[in-house]
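Structures follow.
Both complexes shown next keep chain A, but they swap its partner, so chain B is in the first and chain C is in the second.
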Partner chain A sequence: MEEKQSGSPASLIDSTVVPGDVVLDLSSMTNQTIKLGGGLRQDCDAISVMKAGTLRFSKPNKYWVESSQKRYTPCVEDAVLGIVVDSKADNFLIDIKGPVLAFLPVLAFEGGTRRNIPKFEVGTLLYLRVVKANFGMNPELSCTDASGKAAEFGPLKDGYMFETSTGLSRKLLSSPTCPVLEALGKKLSFEIAAGLNGRVWVNAATPDTIVVVANAIMNSESLSGAQQIIMVEHLLKNIQ
Partner chain B sequence: MEVDREDGRTQNQLRPLACSRNVLHRAHGSASWYQGDTKVLAAVYGPKAGTRKNENPEKACIEVIWKPKTGQTGKLEKEYEMILKRTLQSICILTVNPNTTTSIIIQVVNEDGALLPCAINAACVALVDAGIPMKHLAVAICCCVAKSGYVILDPTKLEEQKMKSFAYLVFPNSVHSVLTGGSVQGEPMEHGIITSVTHGIMSVDDYFYCLERGRAASAKLSDFLRRSLQQHPTDSSKAG
Partner chain C sequence: MEYVSPEGLRLDGRRPMEMRQIRAEIGTVARADGSAVFEMGNTKVIAAVYGPREVQNRSQQISDQALVRCEYSMANFSTGDRRRKPKGDRRSTEISLVIRQTMEACILTHLMPRSQIDIFVQVLQADGGTRSACINAATLALADAGIPMRDIVTSCSAGYLNSTPLLDLNYIEDSAGGPDVTVGILPKLDKVTLLQMDAKLPLDIFENVMGLATEGCKAVANYIREVLLENTKQLEYRRGL
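And then the complex of A and B:
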């Protein structure tokens, strides 16, 4: 029943931690700035874990817990796929799989004025950027990038949207390109939009291609790089 | 003192444990927890916007629904719901997502003694699977006191009915810490207790003896919980 005491924080980095584990002792680190990412909280002089996952460290001073969930915690500058739930006078209410609905101001479009407010039906799928994600407030979204240009944000027409975990969407958006997308891209031609909130949209010329791409991505969650390539080859062999 | 238990276990021996995460496709977090023949399935949905009527909107609200194996829900199920709600409220960090509701649904698959501890364990793993922020985890155990005064752990349904009294005890899990001697006012955190529910008549000494035995067994449960959380969500973990 004794606590396992590790001599230095390095021993917990890159290992799985569960809620309650203390990963840093601030009383021994004075005059240092530490940046905490998701999954960690400060409890007086100790940094403890809130969510189970793998503890990661990036030089010089960033700590965070990497985990994969079905729900999303909104962060600023994330690209997400949202679905319109309602429209008010000043905002559209958008569902981004977070704890609360997000607002999209009606003027947050390139060249948006009171005269050309877009009309989105309930259920429209949009590719958006998170502008504000403050504690206790609804997140704010935008259909433009930081400089005000449209930059691919906005409604996504046709295609097929499916839901994944946040971990898989991070893998899809990582660079270098995820092995499953590379293997699919060598043989098929398709368009894809991945949101960090666990939604992926695929569009292609024929429904067969869309289904193969969607199935390949959904299957690749628990596979390693080499296994993903083998799985994609297997799927493509069956349709050609 | 040697005690004869019907299934051949010793006084302090627990039944075989098995735990799986992410068993349900639509739930945001789910877990199944088997202790011998007692099987419980827990599903977590949330956090979702809005709290119930009389709840504090500055904190997250936790709602528990208990579904028995057969029959309609009655007073016993309402009591279990209340005990689970209070236990989970004390381990979750309620200030992270104010004005949201997290729903936990417990489905009893099979009942064979120590039902409430099994449900608390399952609910804890399901909350971790859903990524709800928590202060630490909870491990629950049932201790019975017999007429002749000996204490047995993790009883089956027949043993529970024959015993003079029993207690359900919920302890915090053991943490991995980088702090040396991380303790609260001189006692390690595992010496705390979260919930205690007693049935029947037992003397104060018997109760403290139950606490001691339960606390010793909670270390084993804690290790099992940590191992099962370290595995990939789609694998299940078993301990004999």
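And then the complex of A and C:
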């Protein structure tokens, strides 16, 4: 395996990197400010990789490693699907597949006051927005958007929830629409809520539609765009 | 007993500086956050990583870093005779501690305070070098789980029988009573994270044997890098990137 030169960052951008790889040598880049995103760390003069993934660069000076895992790192303004684990006086404790549990203040609902605090049982599935994700603190969530309106956040009734990798959730939420959702949408009518933390919820009129949609999405994890369309056609042929 | 023939061949036909065939697979345990199977010759080990997740025992929570727990066990069917107690015996407890300390040195625990990372390694087939195979499998499982690490950790063992340093001992050579040096390194950073030896060795011979084990670690590191890169490329390709 050839050693990539650590002094030429251009050669590693958009290629796969592994923990321990040195992607930038700061001693050869003076008077420049660079911004490091996830997956990179600074060790004296070398910027090295912490997570296996693809190194990305965006002008003018942002570097980060894009990777897909099963667990989630909370980020502000992400939409996630959380499960209620416990309720305290001031917050609900929510599991969002992160390193620690997240807090959902009991008043973080549209028109929420001390008199109409919702009662969520342990195990309720909620669609939430991450409000605060500071290092070392439990993340804080909310059931409203930035302006205080409910906007689709809140408990998800009926339907079926399954888990995926964070990479697949990002793909489901990307624009243009990912091939598997487009192909399914042409023939079936369903509703999905995709959380960036690797949880997806599907609801439709009949259980078999829900099952087909869920299976199609789970299968698309390991397929390329064209293969996804073929897979969906195959699945739909079997039920129609 | 002759462990190295006059022609320079060992009991299994290898040369003294030759490692056994290694094979690795990532993502074998669907339920775990990261998993890997690692084979060194006939030694086969499976590792599963869970985390970073909420600490289950509040009293063990560390406020400024992640808690790393490791459990090593050998399957009943892994050795020649069926084992009675797969874990909880002294050897398993010792190896669990060794693996935990080795992996903790390379995980960036300060990035995930008050959380917990569980590493479970189980030996499916034991033929010498289980400790090293477990560390190699744990590295792949941690990388698969996306846990931030300084570098990958690789490990290999070496011994000294019939006045010859031997790389990657199998079970028969290991039970011969000679020294068994296990080395764990961070290949890119060129640092040693694990160094263990049983029995005794004169210092100059020890240098040779440790150097040989380190070479073995570097060879494992090349292979592990290839496997990780290939696995990551596949993931990217499937997501259409």
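We adopt the following convention: the second predicted complex is superposed on the first by the 233 of 240 C-alpha atoms of A that agree within 3 Å, B and C clash if a C-alpha of one lies under 4 Å from a C-alpha of the other, contacts with A are read in each partner's own complex, and residues count from 1 in each chain.
The definition used in the following text is that a contact is a pair of C-beta atoms (placed from the backbone, for glycine too) under 8 Å apart; a residue touches a chain by one contact, two chains touch by 3 or more.
Here the structure is a predicted model, which means the values were calculated and not measured.
After superposition onto chain A, the partners chain B and chain C occupy overlapping space and clash.
Of the two partner chains placed around the shared chain by superposition, chain B is the only one that A:12 touches, whereas chain C remains out of contact. By the touch criterion stated above, A:52 is placed in contact with chain B and with chain C alike. Within the superposed three-chain model, A:34 lies out of touch with both chain B and chain C [touch as defined at top].
When the two complexes are overlaid on their common chain A, residue A:69 makes contact with chain B and with chain C alike. In the superposition on chain A, contact of A:23 is made with chain B only, not with chain C. Touch criterion met: A:225 reaches chain C, while chain B stays clear of it.
Of the two partner chains, both chain B and chain C are touched by A:99. Applying the stated contact rule after C-alpha superposition, one finds that A:173 touches neither chain B nor chain C. Residues 1, 16, 18-22, 39, 41, 48, 50-52, 67-71, 99-101, 135-136, 222 of chain A contact both chain B in one complex and chain C in the other.
Per the touch definition, chain B reaches chain A in the complex via residues 28-29, 46-49, 93, 96-100, 128, 130-131, 133-137, 172-182, 188-190, 215-216, 218-219, 225-226, 229-230, 232-234. For chain A in complex with chain B, the residues that touch the partner chain are 1-9, 11-12, 16-25, 39, 41, 46, 48, 50-52, 67-71, 73, 99-101, 135-136, 222.
Taken in their complex, chain A has these residues touching chain C: 1, 16, 18-22, 39, 41, 43, 48, 50-54, 66-71, 95, 97-101, 135-136, 167-168, 171, 178-179, 221-225.
The touching residues of chain C, when paired with chain A in their complex, are 33-34, 51-54, 64, 66, 108, 112-115, 143-152, 186-189, 222, 225-226, 228-229, 231-233, 235-241.
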